[in-house]
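There are two complexes below, and they share subunit A, which is joined by subunit B in the first and by subunit C in the second.
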Partner chain A sequence: MTATLAPTLIRQDGRDKVTGSGRYAADLTVTGMLHGAFRVAEVPHARIRRLDTTAARALPGVYAIITAADVPEVRYGAFLKDRTIFARDVVRWEGELIAAVAAATPEIAAQAAALIEVDLEPLLAVTDLETATRPDAPLVHAEWATYEADENLVRDGNLASRSTIVKGDADGGMADAYIVVKDRYVADGSHAVPIEPRAILAEWQGDHVTIWSSTQVPFAARSGVAETLGMPQNQVRVIVPHLGGGFGAKCELGFEPQVAALAQTAGRPVKVVFSRREEFLLPDHRRERMILELETGVRRDGTIVARRAHLIIDNGAYSMDEPFLGQMAAMFAVGPYRIPNVDVSADVVYTNTQPSGSVRAPTGPTTCWALEQHHDVVAERLGLDPVEFRRRNLVHEGDTGPTGQVFERIGALETLEHAAAAIGWGRPLPDGEAIGIATGWWPSFPGASGANVTINADGSGTIVTGAQECGTGAVMALPILAAEVLGMRPDEFRILYQDTDAGPYDGGASGSQTTFNNGRAVIAAATEVREQLLDLAADLLEANRADLELIDGMARVKGSQTSSVSIADLASQAAGAGLLLGRGSGEPPPTPAVETANCVGRLGAESFAAPTFFTHAAHVKVDRDTGVVRVLEIAASHESGVVINPIGATGQIYGGVAMGIGQALSEGVLLSEDGRQRNPYLLDYKLQTVADVPPIHVDFVDAPSPTGGPKGLKGIAEPPCVPTPGAIANAIVRAAGSRVRELPMTPERVWRALASTNGEN
Partner chain B sequence: MRYLVTLQVNRTSYPVELEVGRTLLSVLRGELGLTGSKEGCDDSECGACMVLIDGRPVNSCSYLALQAAGRQITTVEGLASGTKLHPLQQAFLEHGAVQCGFCTPGMLISATALLAANPDPTEDEIRAGLSGNLCRCTGYVGIVAAVRSAAAELANAD
Partner chain C sequence: MGGRFTSPTALADALAATAAGHRPVAGGTDLVVGTRQGKWSLPEDLVALDRIEELRGIEETSGGLRIGATTSHADLAGHPAIRKRWTAIADAASIVGSPATRHIGTLGGNLANASPAAETSGPLLCFDAQVEVRSTAGSRRIALADLFNGPGRTTVRSDELIVAVELSELAGVGSSYVRLEFRRQMEIAVVGATAVVSLDGAIVIDARIAITALAPTVRRVAVAEFALVGTDGGPDAAAEAGRLAAEAATPISDVRASLEYRRAMAAVVVRRAVTGAIARARGETIPIPASASLFGAR
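Then we have the complex of A and B:
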C-alpha cells in the first residue's frame, strides 16, 4: 500500500471516548427537559377507528401528547412520498408511530403511551414477499397511485419500484451457451445493530429548534424536519454529539420531526431514548429480505455469455431509499464480471413489515452471497476451479460494465489472486474443513460537500466541516489531508463537525463518501489558506512566491536552510490584518457515461463511479452432526484506490468482516405468521462476539482512480461486509457437500441442507 | 420508599436517596452525572454498562444501586490518573480499538478486571474475558491487540 501519510493516527475523539467524558445524545440533559415515548401500532395492518388520549393526558406528569392530527399533513420519502411522521387512518407495520408523549419521567411517558386508547380494525396484512407480488394480494397502500413519485419509478400496486439492467441479447446468449445454470436463493432481513440505541433531544427557543440527534446524516435530518414541519431549514439546527455507530440504520430522516413537534407542543425540551427493542423494531432501516433467481449461460471455456436474474426485494411498508437500492441490487446481480448479454430485473415490493433501507452496503452482501454461490455452481458444472472461473471472467481496465461504463484503472483480479494466496487456496485441509471464495464490487458516491479551514493566531489549525463521524474515523482522518497541504502535522488541527449551523453541507456518514467528498473539500479549503500563507511569506522573506514551500510548520525558500518563517509567526501577523480563512468544496468527479436505453427504473445507480473491488476467502469448519459452522480464518483483499489512513482503513475491514460473518451465520429477522419480529433482542439476534471472530488477514491493492477522491481513493467502509457471507457459503459446500440457499445459514438450515436427500451441490 | 445511601464511586462518596428498584446504571448516569457507562440493551446482553464492584465486572444495568452501597464502584471515568491515561486506555487509542466508542467504557472495564485477575493472558483468555462485551465496529482485532499490549506495558512497569 502507498500514500501512507499517517501510519498511526490517534483519533481526535479517542480521548473523549476512552475516558468516558465524551457525550453521546442519550447523555445530554438540558434545563426543563421532559422525557418522550412513542405509542406504536404493534400490529402489521389496521385502520385506526378511534384514537383517544384523554386518559393518558389525565396522568399526572404528562405535559403533551401529539398524533397525526397535531402536525402538518406532509407525505415524504426520497423517491416515493408514501409516508407521514405519524400514522394517518391506517397503520401498515408493527413499528409505525401513532402518538408521542412528553412527561416528567421516562416511566410516566411510557405509562401514558400505554394509556392512549387506540381502536384498530384489522386489515388483511401481506407479510410474505412472494404473496405480495400476486395480483390478488391485499394492497399495502390502497391509494398508491396518488402518491408523488420520482418520474423514473416504475410501479404498480404493491410494486413500489422496478429497475432493470438490459445489455445485449440475453435470450440469444443463453441459446448459444454450452451450459445454462439456474438457481434460487432466499435471504431473511437483518439489522444494522449499532451498539448505541438512538436518542433525540429537541429544544425550541423562539421560532427555531435545536435537535441533538444520533443521526448519520445531520443535513438530511435538518431538511426532513423542515419539510415535514413546514419551516425553513435555517430555523432547524441539528447537532450530533458523539455517535455510537450507525451502519446505515441512522441514515435519512429518523425521528427528529416527531421529537421536535412534541417539544414544541410541550413548550419544553424533550428527549427520547430508544430501548434496544425499539432500536430493532422502529427504525425504517432494516436490511431487505430478498428472493434471488439467477441464471447464467457459459461457454465451454468457462466465460460467461449471458446473465438473467430476477430479484424480489422487500420494501417493507414505506419507501425510504429502497427503490434506489433495488437498482443497486440489479447491478450487483451482474457483478464485476465480463458479461456481454444481461437481462436483470429487481422488483422492490411493499409488505406490511418494517421498511427496508440502507444497512452497510445495502443489498450488497445478500446479492453477492447468492451470486457467488451461483458462480461456484456454474464452475462445478464446468469442472472448473472456483478461482480459475473468476479469473476468466472478472473485469479488467478497459472492459465495460453492466450498463456500458468503461472501467478505468481497477484491481479486481489482483484482489482475487491476493485473497487466494493469503488463505492458501488449494492447500490440504482436515476433514470437515474447506475454503470458499467470493468477489464483489461497490461504487463510490461523488457528491457536494464543504469545509472551512482556518489557522489561528498561534498557528494551530481548525477544520470546520459538515461531515459526520459515525465511528469509522473518516472525519478524524481529515486533518491528514489539510496537514499535507499546509506543511503541518495532523495533530495540529482540531475539527468541529456534525453541526448543521457550523459547517457547510455534507452528505453525512453514508455511502462511504466522507473522505471521498469531504476530503476533497478540506483540501480545497486548505489550499486557499496555503495561498494566503504564501502571499504573507513572500512579502516577509522578500522572495518569489513560486520559490516558496510549506514544510515542517514553516514557509521557506525551497532548499534554503535560513530563509524561512514559521507558520505560527505568519498566523500571528495575519491575526492583525487579513485572517487565514479558507473555504472549499471542489468539483465532484463525474460519474461514468452509461448506455441505458433499454433499462427502466433508472434512479442513479446505473453508473458506478470509482468502483471498488474486493475478494474474501473464508476457511471454515462444519460440524455435520449439528450444522454449526465455525469460521477459522478470513483473508480479505480490497482495491479501494489508495489508502491514506491505514489504521482507519484496516479497522473498517476488520469490522466489516465481523459483520459479514454475523450476516452469514446468525443474523436474521425472524417473523411470526402475522408479520411481527420475534427476535428484537441481542440474546435472540446474535452478533459476533470477540470469541467468535477469527483471525482476519487484510490486504490492500493499489489502483488510484483517475475519477476517484483525493489521491485516487475510493469509498472503503461499506464493502468489507459484502463478500464475506458468499465466501463462507462456498466454503460450507466444499466442506460438507451441501449448498445452503437460505440466509442466514443458521445451524438448523445447514443441518437441514446436509440431511436433505436432495443435498446436491 | 426511598433510602438514603452512600455510593463510593471512583474513590468519591456520593450520598443519594434512592427507590429500591433503581439500577446502578441509572443512578450513575442520572443522579451522579457519570455518563461514561452506556446503556446498550438494559438486559446484560451487550456489556456497554459494565463497572467494577469491589474489582469484579458487573453489568450495572442489571444491578440494583442499593446493592452497591458500601462497595467500591469503579467506572470508566475512574480509570485514568488525573490527565494520565491508564495503559489500557492509551493502548486502545494506539491500536485502533476505538471507533464509535460506545462499547469502549465497558470493554475497558472488562479488560481491567481481566488483567487484574490474569496479568499475562493468552489471546484465547483475552477473548474469553471480553466475550460479554459486544462491539459492532472493530471486529475486536484492535481491542485484543490493545489488551495484549497493555498487559505487556503493565508487566514492564511492575
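Then we have the complex of A and C:
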C-alpha cells in the first residue's frame, strides 16, 4: 500500500448519518406539498382495454391523476429504447406503472390509486429463459423491430441482445484436449435491497423543476427527465440529499419523470416515498436470472486449451443496462485465465418479469460462481489441487485477454497465493468444515467527470463535484487527493456534491468509478489551483517558481525553514484579486485495443480497462442434516492497482463479502409460474445479518496500472461481491461432498444436493 | 379516524379499557408490524400495557415461577432460574428475532398472537404452564394446552388480558428447544421442537416433546414421547423420536420450504432437542441457545 495517503479518514457525512441530523429524500417537506402514489399493473402481461380514473378523481383530497395519455410519448433506454414512463396499451410486468396520483395525504393517494378502474385482457406471460426465444413463444414486444437501438446490438424478437467472444478455434481445442468437462448452473435473480426505500420529491417553479431524489446517478436522472418530458437539461435540477445506499438499484433513470409530470399537473410539489414492498416490486434493477452452460478442454498438465460457454440472461420486460451486461457476462465466462481458444455467447432475453439491471458487479458474482465451480470440477477430474489448477492458468503481465487485450502490470496470481495463505489452504479441519477458493476479475470504467476546487479567503478549501456519494465513502475521500496536491490536510476541505446545478457532470455512483474518474478531475482542478498558488508565492517570496513546494499548509522554498508563506495568507491576497479557482476533468485513460473480428454485440465491454483481479477463500461449516451453511471465515485478496484510502477500501470489501454471502446462501427472487415475485418482503427475502458476517481477512496487492485512475488505482466497490459465492460453493462441496448448481444455495437446495444419490460432484 | 390510545399504570384501568373494546398492545412487534405488512388494520382503540408495573417481572414462588405478561424475551432469557431449571424457555426466548425484538417483545404478546411458529409456546406447553387471564369480571386460569384454537386464535376473550404465566417446578428435568435457523439472527421458525426429559439413572422415565410450526398450533407428540420413555435417550432413541414426530407432523409447502423438507427437518430438530435435553438432564453443558450449540450435530 505504497500510495496510502490517509490511514484514517473521518468522513464528512459520518456524524450527520450516525446522529440522525442528516436528511434523506423522504425526510424533506416543501410548502404546499402533496403525496403521490403509483398504480401498477399487478399482472405480468396484459392488454389495457380500459382505464378509467373517474371514481379515483372524485375522492376528496385527490389533486391530480396522470397516465400515459398525459405525458409525451417517448421511448427511452440506454441501448434499446423499448420503454415509456407509463404503460401504453400493454403492460409487460407486474410492476409496470399505469398511473400516478397526487393527493393531500399518502393514504388518500393510495386509496385513489386503488380506485382507478383498469380493465386488463390477460396475455400469455413469457417467464422461462430457455423457451423465451423459441419461435412459438409469445413476443414480449410485438413491435420490437421498430424500436431505436444501439447499432451494435444483435437482436431478434425476444432476444434483446446477443454478445459473443470468439478467439482461436474452440472446436479444434476441444478435440485436442486430454479431457473435456461440461456442466450447467442456474441462478435466481436477486435484489440490491438498499436500506433506504427510494423517495422522490418534485417542485416546479415556472418552467423549471427541482427534483430531490434518492438516485445514484443524478446526471442520468436529469437527462432522462429532459428526454422523457421533452425539456432542456438546464431546466431540470436533480439534488440528492443523503443517499441510503443503492447497490446499483438506484442507477439509471428512476421515477423522476413520473413524479415531475405529476407535480406539474397538480400544480403543487409532490413527494413519493416507497414502501419496502414497492422497493422490491417497482424498480427496474434487480440482479439478473441466469442459466450458464460451461465447457472446458484441458491438457493433462491442467492447462486450459479451450472454453465454450452459452449464457442465457434474463432481461426482464424492458431494457435498462442489461443488453450491455450480456457482453460483460461473456467476458466473465472466460475469466482471468489464459485460454487460447474461446467460443462464448451470451443471450439477453425478454421475459414478462421485472427488468434486470446493474446490481453491484452485475453478472459478475453469478458467472464467477458458476465458472469457479466448473474449474474445481475440472481440477478434480484431473486430480489437481484447486489452487494449483488456478496457478497454472491465471493470466500474467504480457498475456492476452479473451479479446486480445494485452495485460499490463497485474497481480492476479498474487491474489491467489495471498488468499490461500491467509486462510491456511490445506490445513486440517474438523468434520463438516472445508475451504473453497475462487478468483475473478472486473473492469474499471474510464469516463468523463468534472470537479471544481476553490481556496476560500481564509485558506479553507471547497470541492464542488458532480460525483455522487452512495455510501461507499468514495466522494468523502476526494479531499485526500486535493489535499495532497495542495499541501493541505483532507479535513480542511468541505465537499459540495450531488446537485446537478452545482457540480459539473459525473457518471454517478456506478461502475466503481468515482475515485477512478472524479479523483482524476479533483486532482486536475487542484492542480490548477496549485499553479495559481505557486504564481502568487513566487512573487511574494521573490523566489523561482520551480524551487517552491506546497507543504503543511504553506508555500515554501524547498528545504528552507524560513522562506515560506501560508496558503491562508496567499488566499487572502488572492481574495482581493485573481481568485483561487480550479476546474478539472482530465483525460480518461484509454481502453485497451482488442481484436474482435469474430465477435458480435460489441457494446463497450469487449475490453476491460484497468481490470482488477481478486481471490477469495471461504471457510465454511455445513450442517449435513439440514443443508444450512455457515461461513466461518473469509480471506479476500484484491489487486486494485493501489489503495489510497485503506479504511474505505477495506470497508468496501467487508460489505461486498457480506452481500456476496447473501447472494450465495439466502437471497433469491422466488417467481410464480407467471413471473410474479413471491417473496417481495424482508421476512422471506433473507438478507444476511451482521451476526452472519464472519471475520474477514483483507489483503491488497499493489500493482499500479499505467492506464488506471490516479496513481494507478482501479475500481474497488463492486469486486468483493464477485468471488464470494464461488468460494463458498467450492467450500460446500469439499465439506459435504455434493455440488450445488443452483443459486442461492439455500439450505433446502444444499440438502437436496446432499440427499441425491448421484451426489457426484 | 381518531381512535383512542391510553397508557395506564394501573391494571384496573387497562381492564376497564379492554372491557370497553380497546385492544391491548405490549411491545407492538406483532400488532404494529403486522399492520405494516397488511395482515390486519390497526385497531381503532388501543391500550398500552408497558407502564403497568404489576404485569412485568419474574417472581419465584414456592412451587415454581410466576412470569408477568409483559416480561420481555430478554428478561426471560437472562433469568438465572429459567436458564437453570426451565432451560428450554431460555433457549426459545434468546432466539426471538434480534436483540431489539427481544427487548421490546413480550411473553404475553407472543402467546396472545398465537402464531404456530411462536417460540415460547412449545417449551411452555411441555412445562404444563398455566396462563392467568383477567377481566373486570375476575380472573381465570387456562392451561397452555387449551390456550390455542388455531393459527392466530386463542381462548382468551377480547375483554380479557393475559396477566401472568405460571410454571410449577419439575424436579430433575433437562430440557431444550431447537429451531431450524437459516441465519444466525432474525429467524422465524420453519420448524422447531421442544424436549423435556427426566432420567432415572441412565433411563428416560418421562418425556415431553412438542413440535413448532409443524401443525396449525404448537402440539405435543405422544407417540414420540412414548417411544423415548424407557430408552437411554442415546442417538438411536433420539432419532426414533424424531422420526415419529416427523410422521405425526402436518407440514405445508410455501415460500420458506417444501413440505418434504419441513418433514425431514422435523426429524432433525426433534432429534437434536432430545439430545440436548438428555445431555442437560445428565448435567452436561449445552450452552443456551441450544439451536446454535447443536448446529451440525449428527
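Here is the rule we use: the second predicted complex is superposed on the first by the 761 of 761 C-alpha atoms of A that agree within 3 Å, B and C clash if a C-alpha of one lies under 4 Å from a C-alpha of the other, contacts with A are read in each partner's own complex, and residues count from 1 in each chain.
Operating definition for what follows: a contact is a pair of C-beta atoms (placed from the backbone, for glycine too) under 8 Å apart; a residue touches a chain by one contact, two chains touch by 3 or more.
Fair warning: this is a prediction, and the values are worked out from it, not measured in the lab.
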Task: More subunit A residues in contact [subunit B versus subunit C] - done: B
Open item on the list: On the A-aligned overlay, A:L670 touches which partner chain: subunit B = first, subunit C = second, or both, or neither?
Closed with: second
Task: Touched partner set for A:G432, first subunit B, second subunit C, both or neither - done: second
- [ ] Could you say whether A:E293 touches subunit B, subunit C, both of them, or neither, answering first, second, both or neither?
- [x] neither
Open item on the list: For A:R678 in the superposed arrangement: first (subunit B), second (subunit C), both or neither?
Closed with: second
Open item on the list: Quick check on the superposed pair: does A:T626 touch subunit B, subunit C, both, or neither? Answer first, second, both or neither.
Closed with: second
Open item on the list: For A:P747, using the defined touch cut-off, is the partner it touches subunit B, subunit C, both, or neither? Pick first, second, both or neither.
Closed with: second
TODO: Using the touch definition from the top, say if A:E380 reaches subunit B (first), subunit C (second), both or neither.
DONE: neither
- [ ] Identify the partner contact of A:G648: answer first if only subunit B is touched, second if only subunit C is, both if each is, neither if none is.
- [x] first
Task: Contacts of A:T472 with subunit B and subunit C, given as first, second, both or neither - done: first
Task: Contact residues of subunit A, present in both the subunit B and the subunit C interface - done: 681, 683, 688-691
Open item on the list: Could you list, by residue number, the parts of subunit A that touch subunit C in their complex?
Closed with: 432, 621-626, 628, 630, 665-666, 670, 678-679, 681, 683-684, 686, 688-692, 746-748, 751-752
Task: Footprint of subunit B on subunit A - complex, ascending - done: 8, 10-11, 13-24, 26-27, 193-197, 242-245, 247, 273, 275-276, 470-473, 647-648, 650-651, 653-659, 681-683, 687-691, 693, 696
TODO: Can you check the complex and tell me which residues of subunit C touch subunit A?
DONE: 37, 98, 180-186, 188, 255-258, 261, 264-265, 268, 295-296, 298
Task: subunit A contact footprint on subunit B (complex, rising order) - done: 29, 34-43, 45-46, 48, 75-77, 79-80, 85, 89, 92-94, 96, 98-105, 108, 126-128, 130-131, 133-144
